[in-house]
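Below: one structure, written as structure tokens.
We just call them A, B, C and D in the order they show up, numbering each chain from 1.
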Amino acid sequence: MSTTLTPDILDALALQAVEVPSWAYGNSGTRFKVFGTPGTPRDPFEKIADAAQVQRFTGLAPRVALHIPWDRVEDYAALRDHAESLGVVIGTINSNTFQDDDFKFGALTHEDPAIRQKAINHHLECIDVMDATGSRDLKIWLAEGSNYPGQNDMRARQDRLQDSLQQIYDRLSDEQRLVLEYKFFEPAFYHTDVPDWGTAFAQVSSLGERAQVCLDTGHHAPGTNIEFIVMQLLRLGKLGAFDFNSRFYADDDLIVGAADPFQLFRILVEVVRGGGLNHPDVTFMLDQCHNIEDKIPGQIRSVLNVQEMTARALLLDREALAAAQSANDVLGANEIFMDAFQHDVRPALAGWRESRGLAGNPMAAYAASGYQERIAAERVGGAQAGWGA
Amino acid sequence: MSTTLTPDILDALALQAVEVPSWAYGNSGTRFKVFGTPGTPRDPFEKIADAAQVQRFTGLAPRVALHIPWDRVEDYAALRDHAESLGVVIGTINSNTFQDDDFKFGALTHEDPAIRQKAINHHLECIDVMDATGSRDLKIWLAEGSNYPGQNDMRARQDRLQDSLQQIYDRLSDEQRLVLEYKFFEPAFYHTDVPDWGTAFAQVSSLGERAQVCLDTGHHAPGTNIEFIVMQLLRLGKLGAFDFNSRFYADDDLIVGAADPFQLFRILVEVVRGGGLNHPDVTFMLDQCHNIEDKIPGQIRSVLNVQEMTARALLLDREALAAAQSANDVLGANEIFMDAFQHDVRPALAGWRESRGLAGNPMAAYAASGYQERIAAERVGGAQAGWGA
Amino acid sequence: MSTTLTPDILDALALQAVEVPSWAYGNSGTRFKVFGTPGTPRDPFEKIADAAQVQRFTGLAPRVALHIPWDRVEDYAALRDHAESLGVVIGTINSNTFQDDDFKFGALTHEDPAIRQKAINHHLECIDVMDATGSRDLKIWLAEGSNYPGQNDMRARQDRLQDSLQQIYDRLSDEQRLVLEYKFFEPAFYHTDVPDWGTAFAQVSSLGERAQVCLDTGHHAPGTNIEFIVMQLLRLGKLGAFDFNSRFYADDDLIVGAADPFQLFRILVEVVRGGGLNHPDVTFMLDQCHNIEDKIPGQIRSVLNVQEMTARALLLDREALAAAQSANDVLGANEIFMDAFQHDVRPALAGWRESRGLAGNPMAAYAASGYQERIAAERVGGAQAGWGA
Amino acid sequence: MSTTLTPDILDALALQAVEVPSWAYGNSGTRFKVFGTPGTPRDPFEKIADAAQVQRFTGLAPRVALHIPWDRVEDYAALRDHAESLGVVIGTINSNTFQDDDFKFGALTHEDPAIRQKAINHHLECIDVMDATGSRDLKIWLAEGSNYPGQNDMRARQDRLQDSLQQIYDRLSDEQRLVLEYKFFEPAFYHTDVPDWGTAFAQVSSLGERAQVCLDTGHHAPGTNIEFIVMQLLRLGKLGAFDFNSRFYADDDLIVGAADPFQLFRILVEVVRGGGLNHPDVTFMLDQCHNIEDKIPGQIRSVLNVQEMTARALLLDREALAAAQSANDVLGANEIFMDAFQHDVRPALAGWRESRGLAGNPMAAYAASGYQERIAAERVGGAQAGWGA
């Protein structure tokens, strides 16, 4: 039995786009060690060149997200042109409030007005970058919090956060959006200022329509039903973006779909159910760390995993499912649901890829392309990019 | 060094009230076994008599919550008079949508309009009870959900829930409130319709001002910072009630303060910080199971634990704390915070209790009172109350 | 591309046996409610009749485990004959130390010698049953523990447990085994006397060779790498049995493979790797609760899930995997691993089943058989079996 | 009521020693950022000088643990003399197999014999250091593992680990010990080679008597009952050392007692119960990260927390507790247990400290000593120590 994908499904897949982050191509690691690898990019131009390989071999990754200040350049128009010359465009701009010494105890939440203003200004700079790159989304991950009970007044910080976000939001153009990301913990170990979707939802709801929530699949407490949150945010009109990755323990930032492929399937079923697939309001993005595996094929694997699970989600027989659900046929409904998950869609996707002039097996095609060997040979000297540059 | 409590603190403690649930005096257990105990009440009148003992020995528990249908009686005026004759009043009315065979697959969320109407009607009956007992709050714990992926359409259930709650809310008088309780999981094991504070907040926000959230301290994912949620709900004006208990693992329903007394302290610090102490809008209630320990002294222990941690929270030197926080003196702020927690307030509370004509040691006084022996001897025959009656 | 299973794989599958528990056919539920269903068996004979349906439609479930006292009968030889007449045999005998009032505070660990002796005697009775039924394994799930810090002396209980187990072990014949099951928590909520594999391992190691560990897949802390434990126990020669089920939160006892099919795959890969597949020393058993779904098809679904994941595990190209592992090719090794998981083996298994005279689709065949309707019609009156009878 | 400590308790406290780690005085942080602080030591000599301050102000920290290679020096005798001149001695030697590029995919478990030999040799070098410093304990934290299912053969790694440890163990002198530390996860995110106490216990049991387990309080799955493991390892004669710290989420490495003081109390109660207090076989050590707080006072706070909870544990009325336990008086036993925890022992400990010529308030005394200002002024230039140097 060969799984075939209907024209409708193929059309939906043809529209799918997964944004890749520039920092995935630099080195990353744990607090214990960051391992380097030959060929790692030294600057944003090289990162984008690597990202373009993912698009080249999959056709699924047309946009590259930047991180400021890691991707600060003199001339953003040049960076934009560079990207476009390689077949990709610049996507979401991600701010950073966790590495400046002034932000040790907070940034957008800081009690000191001068430091808080500095943090707001950093976001205004990011919006300037967005203007230059044509980016739509400003993504704010709130890394702020405290490590010890009593260290900070959580309530006052929440109020200051609201005020800071409003100032940033007010600076956006009508085509731009603010996307607020929540995270359960890390780098703060007692309280985090935006720890859950409820807080992100309450914050962005008070800002305005173009403020949305970003759901990072690794940013939840153990056992959390993530597809429920996807459903709820779509229902409330507030799901702005995904940061895809996977985890066994904490925010492990493994390749999406690697730890629990069935969870990824359930999330994508809910995305389709809620009208979030290929909807311009919901950005699909990767946010992963390839600590020990090769970075470009790690990204190729990731976008393929998203595509495969999307195809399975689209295979779900929703009519039959609805009938079984209405009949409270627990085992029947579950079987219909699992049936979609069990299909091996890889052969059909390979065929379809080939019909569009792409390699049937992007992983093999990339490996055969010689790109990895070339960058390893050419990128000698200079400082490899990481989370500091 | 003897910890003394200032007149301000004593005044605040004098106002404190912790509502006790009628069902805590009946038998409870796990799915594996419900152990019975001599003296267990057989009807709501006997439950209220037991609850009145807690008030008698602590002065802290002037209200008793009822659960419908477990506490259904012919004549609620008689039950009310009975309570008042024993020095307590009837408090929150708790509905039940998890035991009727019709509700096996949902109640307020059920796809079948007839079953959904039955569930709504149950709540209207609860409001009738409230009218008869003079209760202010209708508490709805949403036990509904599903056990298997695909079993139900979570999104449609959420919409139906919204509609059901609106119909119930609209029936309330201007003095009555609807309090919606969320829970991470159990009895449903895949999805729960109100699994987190964000969902409860979104639901009640759309209903109106007199719809509020109930925070049960045992209803969160492992590691959740509960005091953060307390802070946030108070900030958003939506903290309607607490269900106090404690846990090591899941919804263990142990005595409040037994598993992590420091967490209870942090919660109460945030309650005080946010103006929730003795505020009529925030009901303090116990919701526990005394599976293996004696029930009346289990409840006495519980309200004492709440009082002791409230006293410690009130001891916090907020001025010094604010100064240390402003200076980002991490260790200094934490030390001030911990200093309040470390005070042994038991002697001071015993003295104060005695000054008000109460027993210094309520646990010992109850044990010496002979009440337990009396009910054990008198309550022979009949069916002991549990979660079914 | 149709997945084909090699003769070697088919041979391995032909040997596979999954023991089913008698109690899965009775009613079960949560502490909140046990829902009944038409056709639920009223006695052990009817339970075995239902269990035999699973074998009839799958050929995978030739043994039925009993639970004493729930399955106590006058004449075990008659029960054995009944089973054999239906094409199944009686398997593991499970003891129960959690429902007798005397065991409220412990059984094999109890401080009172009389109660401890009673608990030991219960196990000796179980061994008598084993002698009568021809069962090899005595399974002991240690439900004992405490709810509050200080309630018990954990160390003394551990020593008493050791002594109790030794007395039971010494009573076994040379062909019989003792299998000790660990569980993270529930029904005890503070400490459990055998909470982890380390404790079970230490206890059985001191007993003797025929004492082994039972791994219940739902009995671990969140995030635990269960396949690692499978590997370790096989390596140490101490994996005696599996209790299969699945969970999202606690010990949810859902259908095996329903919550995280990839985890089940990883477990079975490790079983094959460690020589535990079809090895007489490792009993595969289900231990699940069908709280809301039909019980017989719930069991059929479960054994099929085990079979499907076993087939996938056997598809793993271990030679290619070893080569990729040796080369530290992280992505390559993972791709080989995932390739086996992604195969849809259902068509091949259906074909193979048909070649052996079984229904290609056991779920559909059971539904079409009329058995469910028949028992619903016939089993009227009497008390439906549950966890008390 | 002032808590007084009996002479017996004071004697026990007088013997208490908490080893401090040299690396606690260097900079640490998260993968996102390591913040520097004025005065941070630049070499092992300065680290020991800082550690000696903890001993100077508390009298509780007479030993300093080293980490190789971070604390590699030319002349260990000189380092030893330096320590002794400052009133401390060198304690446990900690090895490191997680930062060398060769160890990216394993060290003691590596498939390549040359790399594995290199890892073994590193430990032999550590034993040479022990010989030079007079240290008794070699502590091995196994940071090794894999990030993706299939990446490695867990079973073969376990066997190689056994062999590597045996080679190291065999090199120890009769007075030296090997202490093996387990950890739930991090830096590996799929499997860790020694993830739990069961694995550590199985490994060291096969080595010999002088191989023991190290329990790091932050290295467990959520909800784990750590005091149970303390009890069990003491019972099995295999608790060699503690690494103390505290956590809300993962391995947060916060100040011991900061996150859950009641848990620390319960652990120490079990230590006393099992004869582990002041027993030479059980090393008490800190292993924490002061990411944002001052390091020396962070360490002072930590050893004081251990002392305070030890004093409370010693206050436990074990005779009364045993009586309540025997009577299955759940609430009574718990009250006796909590009574010890609730005592505020700080005044008594301050008085006792003063009676021994130490500062009553070590935190204040250190702050007043001018040491912090002095090192901040003097330690200018050079590279601040961290986890790389």
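In this section, contacts are C-beta pairs under 8 Å (C-beta built on N, C-alpha and C of every residue); 3 or more make two chains touch, one makes a residue touch a chain.
All values derive from a computational prediction rather than experimental measurement.
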item	value
Minimal step count in the chain contact network, chain B to chain C	1
Pair sharing more residue contacts (C-beta pairs) when A-D is set against B-D	A-D
Interface residue identity across copies chain C, chain D - same or different by half	same
Whole-Å gap separating chain B and chain D, where each centre is the average of the chain's CA atoms	40
Rounded Å distance between chain A and chain D, as computed from the means of their C-alpha atoms	38
Multi-partner residues of chain D (each touching 2 or more other chains)	104-105, 147-149, 184-185, 190, 222-223, 225, 248-249, 258, 262, 292-293, 330-331, 334, 338
Residues of chain A defined as touching chain B within the complex	104-105, 111, 147-155, 158-159, 184-185, 190-192, 195-199, 201-202, 220-225, 227-229, 231-232, 234-236, 262, 266, 270, 273-274, 321-322, 325-326, 328, 330-331, 333-334, 336-338
Sites on chain B touched by chain C in the complex	28-36, 98-99, 101, 104-105, 143, 147-149, 184-187, 189-190, 222, 247-250, 252, 254-255, 258-259, 291-293, 387
Touching residues on chain D, where the partner in the complex is chain B	1-3, 222-223, 225, 248-249, 258, 260-263, 292-294, 297-298, 301, 330-331, 334-335, 338, 341-344, 346-347, 363
